[in-house]
Amino acid sequence: MNRLLRILALLAFVPVLARAAPEPIKVGALFSVTGPAAFLGAPEARTLEMRVQELNAKGGIAGRPVQLVLKDTGASPEKAVSFARQLIEEEKVFAIIGPSTSGESMAVKALAEEGKTLLLSAAAAEAIVNPVLPHVFKVAPRDSYAVEVLFQRMKKMGITRIGFLSSNTGFGKGGKEQVERLAPQYGITLAVNDVYDKNATDLTAEVTKLKAASVQAILNWSIEPAQSIVVKNARQIGLTVPIFQSHGFANLQYVKAAGSAAEGVIFPASRIVVADQLQAGNPQKPVVEAYRKAYEARYGEDVSTFGGHAWDAFGILVQAIEQVGPDRVKVRAAVENMKGFVGTAGIFNFSPTDHNGLDIGAFELCTVKNGRFAPLGG
Amino acid sequence: MTRPGLPAPARVALLAVAVVAVQLATQASGRGFYLTQLTMTGYYALVVLGLSLLMGYAGQISLGQAGFFAIGGYAAAFLSTIDVSAQRALPAFALATRMGLLVARPDLYGGTTLGVNPWAGLVLGVGLASGVAFAVGVPVLRLRGHYLAMATLAFGTIVSAVAVGTQRLGAADGISGVPPFPILPGVRIGGGSADRVANYYLAWGLVALAMLLLGNLVRSRTGRALRAIHGAEDAARAMGVDAARMKVRVFVLAAAMAAAAGVLLTHYVGGIGPSEASVMKSVRYVAMVAVGGMGSLWGALSAAAVLEFLSLRGVFGAHDDAVFGGILVLVMLFAPDGILSFRARGIVEKLRGRPARPGEGT
Amino acid sequence: MTLDLALQYLVAGLTYGAIYVVVAIGFNIVYSATGIINFAQGEFVMLGGMIAVQASRSMPLPAAIALAVAAAAAVGALVEVAFLRWLRKPTVLRMVVITIGVSILLREGALFLWGEGVRSLPYFTGDEVSSVGILGARISPQVFWVLGTVALIVGALEWFYRRTLLGWEMQACAANKDAASLCGVPVRRLVTLSFAMAAAIGALAGAVVSPITYTSYAAGGPLAIKGFTVAILGGLGNSGGAVAAGLALGVVESFAVSVLPAAYKDVVTLSLLLAVLVVRPSGLFASGEAARLKEF
Amino acid sequence: MNLLEVIGVSKRFGGVQAVKEVSFRVRKGAVKAVIGPNGAGKTTLFDLLSGFRVPDEGTVRFKGREIHGQAPHQVAAHGISRTFQNLKLFGHMTALENVMVGRHVRSRAGMLAGMLSSPASRREEREIEERARAEMRFLGVEPLSLSPAGSLAYGQQRAVELARALCAEPELLLLDEPAAGLNMRETSELAEQVLRIRDRGVTVLLVEHDMSLVMRISDEVAVLCFGQKIADADPRSVQRNPEVVRVYLGDD
């Protein structure tokens, strides 16, 4: 008899147990950890893993732990699609962070929409959110803002004739399209508009071509080592004109690589790179400093803007879930209408027509002073 | 028959049974989503089968197979995503529309575009790849050994460089938004989870067809001539085999199969990127043929099915390339005739110290 | 195209060319001793740079470079002993495919050890901006280190092959392995030595070049393709031809950039490789007859 | 009637004049031998006849049609088949398949027919297999049909190569040192086989060192020395030809 009672008691107890261990919120991630875009995906993956562990240490979201399902796409669209389908159809993840590159984001965009799964892309291309798809967002600032900030400064400096170089990667192409589109509006002519190979080991011939075209300034758009090579080669052949770089240059690793040649280079950067020099009142200061301290303490390498995208995407997702609870439809709407989210890339103000949420204010012109990043005053 | 084992049609029937069994198993176990990776694996298997015929049977190495895949894929992607609705009125375009060459299609954002009919894309894609294969093959197949390896590697790298460097091909981002390919009434390559089972059977149906055709070919007069070329090219020529022409024809056939796979997989995935034309992809195809055994279609098919499926499932994680590199080395060191032909007889002889004779590939 | 610009393009071309020459020489050393193209040669150049940078953190520059060269030589020898030596009558195809697999493993190993970051040795003299003016063209001092090192390597090899007994034995081994072994030449050890030498030379170049080109785990692949393009142009096994072909290709690439968009530079080089392979597989300088007799 | 006419054929490799203005003819149905010391240019001559090398000068006429300079597979199509001095078999394939490849020149099924396994191609396959088995029976090696050619004993491999050449139903059979490496028993067996081949109406041209074999089966013998023909007659008179004796036995 008492055996029966014990079984009944056990049965009664089980549901309680079931409730005690809450079912985790699955978050999918698609980063190109290896392959040609490793310097985008690797920091993004490390950042996301760090944030998920930190969050779970503090009890997860409203008590439910976050389970991260991370896949390395190696920057190839066919893998991104295969993994995206796994995340959406099998793992039934709540949301997907990534992919790292524009090519992959365009490939998985339709899948996320069809699978009604929130996608927070870390890539920059405008076409990801233009035209808008309800479930597709991106957390990287538009290339056009970076170009506009640069062109505004060039106009102020009276520069009208520049030599433009870009690499044959997704990043380079994104920048090239915006530069070509916006240059006429700022009265700037591209005396040279050349694309070089991302594996370029020496670009002296390239910069010689710029010297031949006697340009007033150089603008380079790439994120590979080539961006440091361009700066060095230009200075080595005696080109003293001002050099402008893309927001890809906001990575201390490349400044160190360019060494003294990087002095005075002007580039747009999200405030993450100049965190320590931000005035106390700047709302982004606490966020970027928290990220920088945590990342550099844990991984012992300089923080990068691209890692910041993963930090922002996860932050936006967590804030939305905390606001409206783990309901897909409500969270999507929460993200779409989220205002004033302070991220490393800037202050996000999403809207049904703007799934990027950043404005030109996301960028601040910076320069390099004796090997350190510094806001460009004046 | 001169060759041990079942004739090709019987084996293909076995394959068909296996294909259906796998589908039912995934359905029963609630893992229907495996079909996505299995479908993609099926298309990649077509490339490996073509390469197995070229490398395993005719003995001609190619490090450029991904180049032909990309030519097919990019042709289909480019033709199916261009929007010529603006020129709709022009006589040529109007005629093409009436002939069904151009088809209107709703795009993702509610608008309609007028693009090229996917069937035309398939024909043009495979035709272009075959033409390029002929043009490259005639001079290059006179080379042997590492010269041939390097020439095909150079060809593959050229295709990759052009794909990455061309603005109209989406440069580094590649081309996305490729519409599904309506192939039979109610069956279309691509589309979402609703079409999953149909796509699976379509892909593996093509694989079964390829196995039947190549299985027959390998056992036919032409197949024998190919293996003769691999064995001793001079002797084959003395027996009346026009080795040069035969090698080019197999090179073009393998390229056409790779291009067809490129077209169909691009429609299934909905896009293609320059990563499909990379040297590493070509090396993976070579690895799968090597694992399956030089001169063994069934070996190549099983190697492709297992390795590609695991890779697409992300089982190898960030070490995907390392796994294929490692496999390539291990197979070439210990089982140059492939794991499947490494039968007990081979092992026994190795233990007894006598070199194992080259296993007879089926 | 003024004189100083032309000179600038020329110097840039010679710098590119010098890098290709060293990789090509690495291919030639292994090819002439074994008859195969070692596709992993590009990876040894990368290893040289990576190890040197790692070592330079804890020791002076020359010591770090020496360590890198020694370590790469050890890896080169290990590759030959572990993967190639014990094969019985391997076909060329089988050995080539093995070296391709090895190049992938070395690259993934480097990724695992050093991560995806980019690194470089500091400039040997001056820094990133210093440059020397010649007739209006300005050249970074590191370029002279590169050209000097390559000249040193080529000279040392000439002396080695011409003047030393070991060098003659290596040539005998290259000409006819069986005959050489009949004369008591330790053929197996020489083949291992050839891999070690090729790796060492590649590593030395990798270290010297790293301030200019930076080194990352994936730097080996593109270098290998340029390397064997030059090796083929110069005629496989003919290192003199490789020097001329390498410098020529570098200069052609450099001047080509002044005309057509740089992204297509590689397409030009590869088409050249394809053309030479098809028309004269024996290369521009070597005699066709000699190459055809060489068994491959 | 002459089946094969070789007129003034020469071939030079750099400094070496391998073959110098060699002329001779082979009568239909005869067995003609070409002998000479090592390096006399015999194998080069064979390569010139079978299309592997192109003569610098001179013409080669087969059944009245010029065939010099044509590719090996075209020469084979005319009905000339050959064996190789160093035995070029298809190691991976079975003995039967090796012999079946010999039938390539006499069959037509193309790539498409092969893939579709058309009734015509299947019928042709059966014919080819039957023909190949017949040739293997003719040489007594049919039991070996399913074993890989690479694993057969040397003598057996020679027989398979001969069967392969015969399988092409040639009008002219070129034998490149068929007796090389055979023991006495195997050589006399070979002699029998060559005579039986001739009785089937196949004309044979062989290059050989083994004088006893040559004398026994040849109707005519040509002698090459340093690339030049120094004698061309019936075996008996060639044996007594002082020039030939001097070349072979040296001046005493």
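Note that the chains take the letters A, B, C and D in the order they are written out, and that residue 1 is the start of every chain.
The rule is short, and it goes like this: contacts are C-beta pairs under 8 Å (C-beta built on N, C-alpha and C of every residue); 3 or more make two chains touch, one makes a residue touch a chain.
What you see is a predicted model, and the numbers here were worked out from it, not measured in a lab.
Visitor: Component check with chain B excluded and positions unchanged: what groups of chains do you get?
Guide: A, C | D
Visitor: Greatest Cα-centroid separation from chain D: which chain?
Guide: Chain A.
Visitor: Once you find the CA centre of chain A and the CA centre of chain B, what distance in Å lies between them?
Guide: Centres of chain A and chain B (C-alpha means) sit 35 Å apart.
Visitor: Centre to centre, by mean C-alpha position, how many angstrom separate chain C and chain D?
Guide: 48
Visitor: What whole-number Å value describes the gap between the mean CA coordinates of chain B and chain C?
Guide: For chain B versus chain C, the centre distance works out to 34 Å.
Visitor: Which integer distance in Å separates the CA centroid of chain A from that of chain D?
Guide: Centres of chain A and chain D (C-alpha means) sit 74 Å apart.
Visitor: Which residue numbers or ranges of chain D touch two or more of the other chains?
Guide: In chain D, nothing touches at least two other chains.
Visitor: Touching two or more other chains, which residues of chain A qualify?
Guide: In chain A, 34, 36, 168, 195, 197 touch at least two other chains.
Visitor: Quick check on chain B: which residues sit in contact with 2+ other chains?
Guide: Answer for chain B, listing residues that touch two or more other chains: 161, 164-165, 321.
Visitor: Run through the chains and report each pair that touches.
Guide: Those chain pairs which touch are A-B, A-C, B-C, B-D.
Visitor: Residues of chain C touching chain B in their complex?
Guide: Touching chain B: residues 36-37, 83, 87-88, 90, 92-94, 96-98, 100-105, 107-109, 221, 225, 228-229, 232, 261, 263-264, 266-267, 270-271, 273-274, 277-278, 281, 296 of chain C.
Visitor: Of all residues in chain B, which touch chain D in the complex?
Guide: Listed in rising order, the residues are 2, 4, 8, 213-214, 216-217, 219-225, 227-228, 230-232, 234-243, 249, 253, 295, 357-358, 360-361.
Visitor: Hey, which residues of chain B end up touching chain C in the complex?
Guide: Where chain B meets chain C, its residues are 59, 61, 63, 136, 139-140, 142-147, 149-151, 153-155, 157-158, 161-162, 164-165, 279-280, 283, 286-287, 290, 319, 321-322, 324-329, 332-333, 336, 355.
Visitor: What does chain D use to touch chain B in their complex?
Guide: Per the touch definition, chain D meets chain B at residues 50, 52, 71-73, 76-77, 81-82, 84, 88-94, 96-97, 100-105, 107, 109-111, 113-117, 121, 124-125, 128-129, 145-146, 148, 150-151, 164, 168.
Visitor: Which residues of chain B touch chain A in their complex?
Guide: 31, 33, 36-37, 40, 108-109, 161, 164-165, 167, 170-174, 176-177, 192-193, 265, 269-273, 275-276, 312-314, 317-318, 320-321
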